[in-house]
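Please find the structures below.
Across the two complexes that follow, chain A remains constant while its partner is chain B and subsequently chain C.
This part shows the complex of A and B:
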């Protein structure tokens, strides 16, 4: 049956897989939008050793970091519907829990996951900005919020950017695990297309190329952002 | 104008300030001397609420503040009337020299940007940095950074500027330019409370010297009196160590 690659199929499937990009991007972007502020705030609770929240963040990070994403997906995807079903039943809501779009589960899993990653990213980055600058900000009359938004966060971001890029790329790649909950993203779409004709290798090549393109683009964007944001850092005398 | 009463502060079991009283009049240049760990820096930090005192009162013109339980509003009022120059400059690294100076004006005080820029440039001119408005801290030498730090304090036109060992982190070569700037603003009548190890500055510029040790004021007086004729045994010992012998007797 093997007659080399089926280029027609390769190209057709490329576009089918491409149609899964929006879903992957929505999950990536929404997860980041939720995880960026949350991760930053929880990182602050770690640095300032705030009672309860500090311990919570620490345990939370170890739980998420210590388990595979695919297992987290299985747990959320299987337990949340049960939970919902009992809630629906209790309040008499007429809705089938199995009609819930899997994208919601994906958003939950990946937001929780990314938050844990970003807590650690920000924790190390915030520590690189000296506490003295915060004190200086106070001494010239800035409030804590002003000091953070104008002085601390801009510098934290520059330091965190390489790791944020890393986290984002990892997140994009991890959305491919969404196929496990029949999320119509890139991997699932290509796989479904291949199921009909058994042209798996072509489908996998397509997926491979698409992730490569997206992730390279993201890397490029982060590099540019970093260059722009770090203008105040002069390269050490060469 | 500024009066501090029985300020106390401990870090754990370590008592750093053990009831310090201090009175500063408008236009005073008060230098605080003392060995490391005598509580000089903590005193300054408590006045500006960078550290919370365990006890004590500050009387600032017409306002009276309990240093231990000041409200946010009181803290903000006191901070508006004071400015701080840090040992490690603590410039905002993501801002240019001019932005460092205008940040407090624009954001802290709500002064329009154009006016703030004008004031900021004047302050930077005063400390001899007319050429460096748009330089980032990473492009400046330590002495230049500290001069920006001084400009940042001066521009706020505070009732008093608190200097926390402003030259201790500098190369010996660069100490002079910073002291020179401090002398200039002292001559203009700025009220200053200066923690320093620069004896020459204390002698030449201060009109009062305070010697602290072990969290208390051991001795205070006019610089001439203080250096030529120290009364306390502890002060004499300190001065013998930090000054060459002949200095004490041959001023």
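This part shows the complex of A and C:
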């Protein structure tokens, strides 16, 4: 073990681990696409204190933020097949529950998880946009939908962007737990490659580098976007 | 294999798991202690004038923020003994708790360095100047004037980081630490992998209650300390 690193293996595994990046990216992007509108709508229900939905989203956020992601993964991974099995049985669908691609479970877990994070992000962001903005939009004759898409949402996004960046980076990091669902993403691929020869250190260095690259890229993109949106915000004001 | 949901397992699992919270707390406590120290050192580096130290501290924070806990955990678990071996120290028989504490100390240090830095920067520079001008020494000014105020600012973020640490701590089971999560997995293995769902639900209830308690505790703490802050502002 003290012979130093096996550089050949390090480089080979790097590309094996790299082949897991698309899976991680698909999960991240699909979860965000699902969670962004859902999080925004549920944040609105909390701000407007809608009767049942408000309490529901409160409990939901509290649960998701109060429990480890790995426990949530295990709960979904153990409960959804049970539900599916009973549904299949009822409607006589000939399909084995254990043939379901684990990516579906991952999508469920990470969408639910990200939605909860984004509810909080949007809630604090919407609160910073003053109420007068909405009233002003109404007074110049915009409908509610127009007022939101043209006035409220752009302003909210600018405020929410740094937190959105954090949420995205956390989501990407969390996808590394997909290995618990035997999801072939970055971590699992490298782990499997390392199992053969016990080169765990090299494998984890590879994973480490890949996440570092991805997350730095994401942060860079968000910084760019922040700059652009800030300009966009100032222009109409001037 | 028969798989039916039986709620009785949830209530049975909770009392079986609770004693193992002790391990979770010890790990979290040690990581918070060492992590806060590391965070303090990093924050001093970031706030200092030395450009190299600044870059090292910022680089460290960025790298740690981009690393999933599970990857860091395994990197430490396999990497530290290998490095120690080069110096002739055998760490292969060390308890896994040792590696868990190292991992979360490193991670918590990165979080805390940002918390401490932003808390320090939120304090008006005039406070320090005023303290020195009334004849306090440098240490006294920091200890009696800056620290109490920065502490109040840092409190909510500290609470959040602590919650984060506790949740990430659940991953320690992967290297064989028996905390609540590890015990839950042992119970499930003891049941021949049946009723896993019920036991994970029991586990999630424990974590949930725990985080609500910690959250409430920090809210109370914040209220107690910001009372003093208000007086300072009004005087």
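Throughout what follows, the second predicted complex is superposed on the first by the 229 of 238 C-alpha atoms of A that agree within 3 Å, B and C clash if a C-alpha of one lies under 4 Å from a C-alpha of the other, contacts with A are read in each partner's own complex, and residues count from 1 in each chain.
Going forward, a contact is a pair of C-beta atoms (placed from the backbone, for glycine too) under 8 Å apart; a residue touches a chain by one contact, two chains touch by 3 or more.
Just so it is clear, the model here is predicted, and its values are computed rather than measured.
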| message | Is A:154 touching anything from chain B or chain C once the two structures are fitted on A? First, second, both or neither. | response | first
| query | Once the shared chain is lined up, is A:139 touching chain B (first), chain C (second), both, or neither of them? | reply | first
| Touching partner for A:103 - first (chain B), second (chain C), both, neither | neither
| note | Per residue count on chain A, the busier partner among chain B and chain C is C
| request: Return the residues of chain A at which the contacts from chain B and from chain C coincide. | output: none
| Inside the complex, what are the residues of chain B that reach chain A? | 48-50, 76, 79-80, 82-84, 86, 88, 90-96, 103-104, 107-109, 136-139, 152-153, 156
| Residues of chain C that touch chain A when the two form their complex | 3, 5, 62-63, 65-72, 74-75, 78-79, 81-82, 85-86, 163, 167-171, 181, 196-197, 200-201, 203-204, 207-208, 210-212, 215
| task | Can you check the complex and tell me which residues of chain A touch chain C? | result | 1-2, 62-63, 65-72, 74-75, 78-79, 82, 85, 169, 173-174, 176-177, 179, 187, 200-201, 204-205, 207-208, 211-212, 214-216, 219
| Okay, in this complex, where on chain A does chain B touch? | 129-130, 132-133, 135-143, 146, 150-151, 154-155, 158, 232-234
